[in-house]
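Pasting the structures here.
The two complexes that follow have chain A in common; it is paired with chain B in the first and with chain C in the second.
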Partner chain A sequence: MVHIVLLALLLAGCGKDANADKEDTKVLFALQLPVGAPMPVTPSDNPLTDASVRLGKALFFEARLSRNGSISCASCHHPDRGFSDTLALSLGVDGLPGLRNAPSLGNVAYHPSFFRDGGVPTLEQQVLAPIHDELEMDHNINLAAAELGDEEPYGSLSMQAYGKPLDAYVITRAIANYERTLISGWSRSDRFLYQGDATALSAAEVRGWQLFSSAELNCAACHSGFDLTDHDFHNVGQYLDYGNDPGRERITLQPGDLGKFKTPTLRNIARTGPYMHDGAFGTLDQVIDHFASGGQPHPNLSPEMRTFVLTEEQKADLLAFLSALSDDRSLDQVP
Partner chain B sequence: MSRKTLFLLASMPLVIFGCKPDTDDPPTDPGTQPWPTTPYTLEIPANFPPMPIPADNPMTEEGVKLGRFLFFEERLSGNNTMSCATCHAPEFVFSDHGNQFSTGIDGIAGTRNSMVLQNLGWEQRYFWDGRAQTLEDQIVQPVENTIEMHETWPNVVAKLEADAAYQALFQDAFGPGSVSKTNAARAIAQFIRTMISGNSRFDQFQRGEIQLEIDEQLGFLLTQQEGGNPALGLGGQWGADCFHCHPHGGGRFTDGSMRNNGLDATFTDLGLGGVTGLPQDMGKFKVPQLRNVALSAPYMHDGRFQTLEQVIDHYNSGGIPSPTIDAFMKFTQGGLSLTPEKKAQLLAFLNTLTDTEFVTNPAFQDPGEPQ
Partner chain C sequence: MLAGLSGCRRDAIVPPAGSDTPFGTLRVIIVPEWEGQPLEFYHEYRNVSDYRTTVESLKFYWGDVRLVDGMATMPVSDIELFDFQNGPVTKEWKLPTGVWSGLRTGIGVPSALNHADPATFPSDHPLSVNSLMYWTWASGYKFVLFDGRYDPDPASVVPLVNTYLLQTGMDTCYMEMDLLTLLPITVVKDSITTLRVHMAVDKFFHSNFGTIDLATEHEAHEGNVDLALKLTHNMIQSFSIE
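Our next item is the complex of A and B:
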């Protein structure tokens, strides 16, 4: 039931830029999509070409995007951890922790905003931040481009993909396109819910889905939809004082947004601990306990928060369902 | 007019001669003076939460029994021709036989489509404009609405008190001498709380009992996907974008909120705005449950759409902009752009929400005259 989508037709009518005559720029990446998942749409100047994705992948794993060549994107976005980190706070070039937990990257192609505070609207813009952040890669994208531009595969892939030497324009677009290929929709829960495979979930996992969907737990109030996120920002009462990190308020400067963070996707959630914006909880067990508590009575606490009590068996069922959101196939499509 | 005058005259003596101030104030309040009753056990489906029951109106076998008689009791209307069930018929998910508007005892049509009655025990506001906070508050209103049942509660109480069968039913449920507006509303509320729909094919799927057809599953997927063009950077997935307001979580397919779904540019019916007077509430109506939606045509607060295809086409259009149109409506980008195939899948999914067991349940049918 996998559709291989080739969008050659789409490109045929939009070869306006100067590099359109380069044949390689037209070969689109053969992105595999689960049933019903839409083709991610890229900005008009960044078609999802095969060359751009291959370049993006090479750059994603390139440690020289950091000042001292010690960390790459993948250092904090491990493919086998749903592209998240095993640490609560990822360590930057000097071994110093950053401010927030590295989010997983599954289905970011469909996200309307990026970072825990939603401060950046496109994947292309997002790429810049960790390269320049002094607590992360602490580098300069122009310096990195100058260093890597003459090397292979960067030099030739950059020409193939964008018709020009490696620069900030190319790096941000190529990495964004690689991240767009990290589609998740093949988990066992997808197969059970949307793809007609009645045997994909166990009885315990189906019970867990019921609990997850129940009004009592109210998980699905925010973790709703195909990506298990409403793409909105909520205060879940993790703290009474958000002095360390104001969250969404940092962007909007609205007091009502203090302590609100983007609802994370639950895809691959069993692999992406530690959890919460600051990685405060090491296990899903702790996360469930937090939500069961109803959260601390912060003025901005989401009205969707409930207190609830689960038996040990119910908790196991819920954890079983959450684990059934794991999706090996989502982790990396690039050969 | 003459009928109306007649009833006004009939009620005059009550009004003039003290009109029994205790009719709204029953001598035996179950909250303070317990009367021996049999607790009624609600059968709540496994995928539903516990139902919140008001402390002053516990569920009892006797209360539900009385409420059922009252729900089908035509003496609640001014000319003894209309009951609640006249406009809330069981086989139409307790809505009005497919009529766009319901006609009251004086032959006057209302302006809103009769709402379905199911799983109301979990709702937090009632009426299309959300003006009642409790089921008990809601129930008393249609009786006195002049274009609906057009009766007064003192009259209703007098008629019921004159019937020995009702005196006994009220006594069983609430104690001696307990015929009152408040207790009538309590009993009907208890009966309505037993109207639980939880055995559609989708419920059975959610309980792991059956498998859905692939088109139904793809329709469910569409409800869970964000609407609109992914290229606009707003998170669009070319989906149907139902889940924000009609979430599957909680089992009722409504978030219980009040929203403007873009039916009109200007409002002839102000909806919630008519209740609150606030500009931001104009044109907002209660988000209805989607359960049994295939059985409850026509649709929208004014019943303007006859078919689910028309409803889907409305959402597909993105709606008509107005100052209060909901942000989830895709009016800025020309709608959802659903293909005919996707619309068919969506319809297939909506049909999985039909619970025929609910609409044919013998416990919800007309019990006949009380005895």
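Our next item is the complex of A and C:
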């Protein structure tokens, strides 16, 4: 069962006149939400209009947002991988690896902060970072806007969506809106957990869900709620020495935040490896082994971490449940 | 004629001028120097530690710039960006006429602006992405960008390869200073009042607050608040008004 919330509201009149383009800006995107999904909050200056989302999608796949035209947002956020990358560290315009593993973009509409250290408070501001980062797209967003602004569909969509030519403001808002539509919530686990379909999961997957929810494993202490994340920052004892990536401490400058990273969503987790902030673990099997070990005894180790022992069958059950968190349909709702 | 650290802001703001208020122009010229001579980018100097040193980039913000006289102040500018790539930098502001004892400014971007979205500013605004002073990973601006190269061995003759990247930011590094003058700053109707500010870049490495030893303190673009504060304190003591 799929519950669809249609947000399409045609606020403009039917008449085709000189104000037609202006009226187009008021057509809201028909966002489909699965049962159990909260309504995303959008900024007052960036309503989720149809034109803005279509423009955002075009820009998301536009390689000319990078300095040498070699990579787009989609180069590191593959739609068929839950909008994440297959590499531990994505490669930028000159083939140089970035600092961290590219996270899934599924359900970013619900995130209160962005990047694994939470240094950026809005999706709009997040867009700037990869475009300007010398290890990623290494471009200047204003130069990119100047290059693309006169081309279609950018010129007309920009006017429709924001009533102005393509610029940094338009690019950041449009891509943010497209990313807001990447809703994940159509997995068999969703049918089981939110839609009352007791047959949606196999017996092994149900046992895996029970393990996941158990106090012994304590996964749900942090991987909670609809998006299976508390959106908080934790040190899970991946290392004793975090080297050149202090995690949350980079933002807060607090030693107690050293080695803390944002809890990632587990949606589509079977498709979004490699795992951890630096992509150090290639398989979910390795991830489970790490958490079963309780992590390294770092001074900031989360008190939620604990050791546990799983039989091979239990581990297989847990992996089966995690795989059942994969969406049955594409996250991309834009035709 | 000296720059000094000012206290917390408790000054009264002069009400905005009416339409019939006469206006004049205040012009500030900041002249970067090294030991009294015009600073040359990429020229090899000896710093306070006798290290071979070049300067390759120097930019900073002034925030909440205002004229002061006792408890009274006149807002001059919310934010200004100074980029010395082409030598001295001149800024001009149209202001109501008046007599003031000094100029007060913050080094950096005030907190209220520091976390703004740079994409919301026009491309020629000091806070736009074109300034290349925005830390995209932290949603804040670099307050000071002071980069170059160094070699701790004064006898060495090989090309300089070690880089220093002294880039301050974060709200904790925002600091105010007073540029005080012996004579009052008088903004005269339909005239230009010029303040020539000398900035001794060689003193960025040393003041009574502390010495920056580039051999161990060459990177302050992420997290090294102590070094960032030391640079800011040293900078404040490097300014003087002619």
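One rule holds for everything that comes next: the second predicted complex is superposed on the first by the 311 of 335 C-alpha atoms of A that agree within 3 Å, B and C clash if a C-alpha of one lies under 4 Å from a C-alpha of the other, contacts with A are read in each partner's own complex, and residues count from 1 in each chain.
By our rule, contacts are C-beta pairs under 8 Å (C-beta built on N, C-alpha and C of every residue); 3 or more make two chains touch, one makes a residue touch a chain.
Everything quoted here is computed from the prediction, not taken from an experiment.
The superposition on chain A brings chain B alongside chain C with room for both.
Looking at the shared chain after the overlay, A:168 reaches chain C, while chain B stays out of its contact range. Of the two partner chains placed around the shared chain by superposition, chain C is the only one that A:133 touches, whereas chain B remains out of contact.
Look at A:206: by the touch rule set out above, it reaches chain B but stays clear of chain C. Within the superposed three-chain model, A:251 lies in touch with chain C and out of touch with chain B [touch as defined at top].
Touch criterion not met for A:62: it reaches neither chain B nor chain C.
Put simply, more of the residues of chain A are touched by B, taking chain B and chain C as the two choices. When both complexes are overlaid on chain A, the residue A:179 reaches neither chain B nor chain C. In the superposed model, A:220 makes contact with chain B only, not with chain C.
In the superposition on chain A, A:115 makes contact with chain C only, while chain B stays out of contact range. When both complexes are overlaid on chain A, the residue A:125 reaches chain C alone and has no touch with chain B.
Nowhere in the superposition do the C-alpha atoms of chain B and chain C come closer than 15 Å.
Within chain A, the residues touching chain B in one complex and chain C in the other are 121-122. Interface residues of chain C, counted against chain A in their complex, comprise 115, 117-120, 123, 128-130, 132, 134, 136-139, 170, 172, 222-223, 225. Contact residues of chain A toward chain C in the complex are 115, 117, 119-122, 124-125, 127-129, 132-133, 140-142, 167-169, 171-173, 246, 249-251, 253. On the side of chain A, the complex with chain B involves touching residues 35-44, 109-112, 121-122, 193-196, 198, 201, 203, 206-207, 209-210, 212-216, 218-221, 224-226, 230-231. Within the complex formed with chain A, the chain B residues making contact are 46-50, 122, 206-208, 211-214, 217-218, 220-222, 224-226, 229-231, 233-239, 243-244, 247-252, 255.
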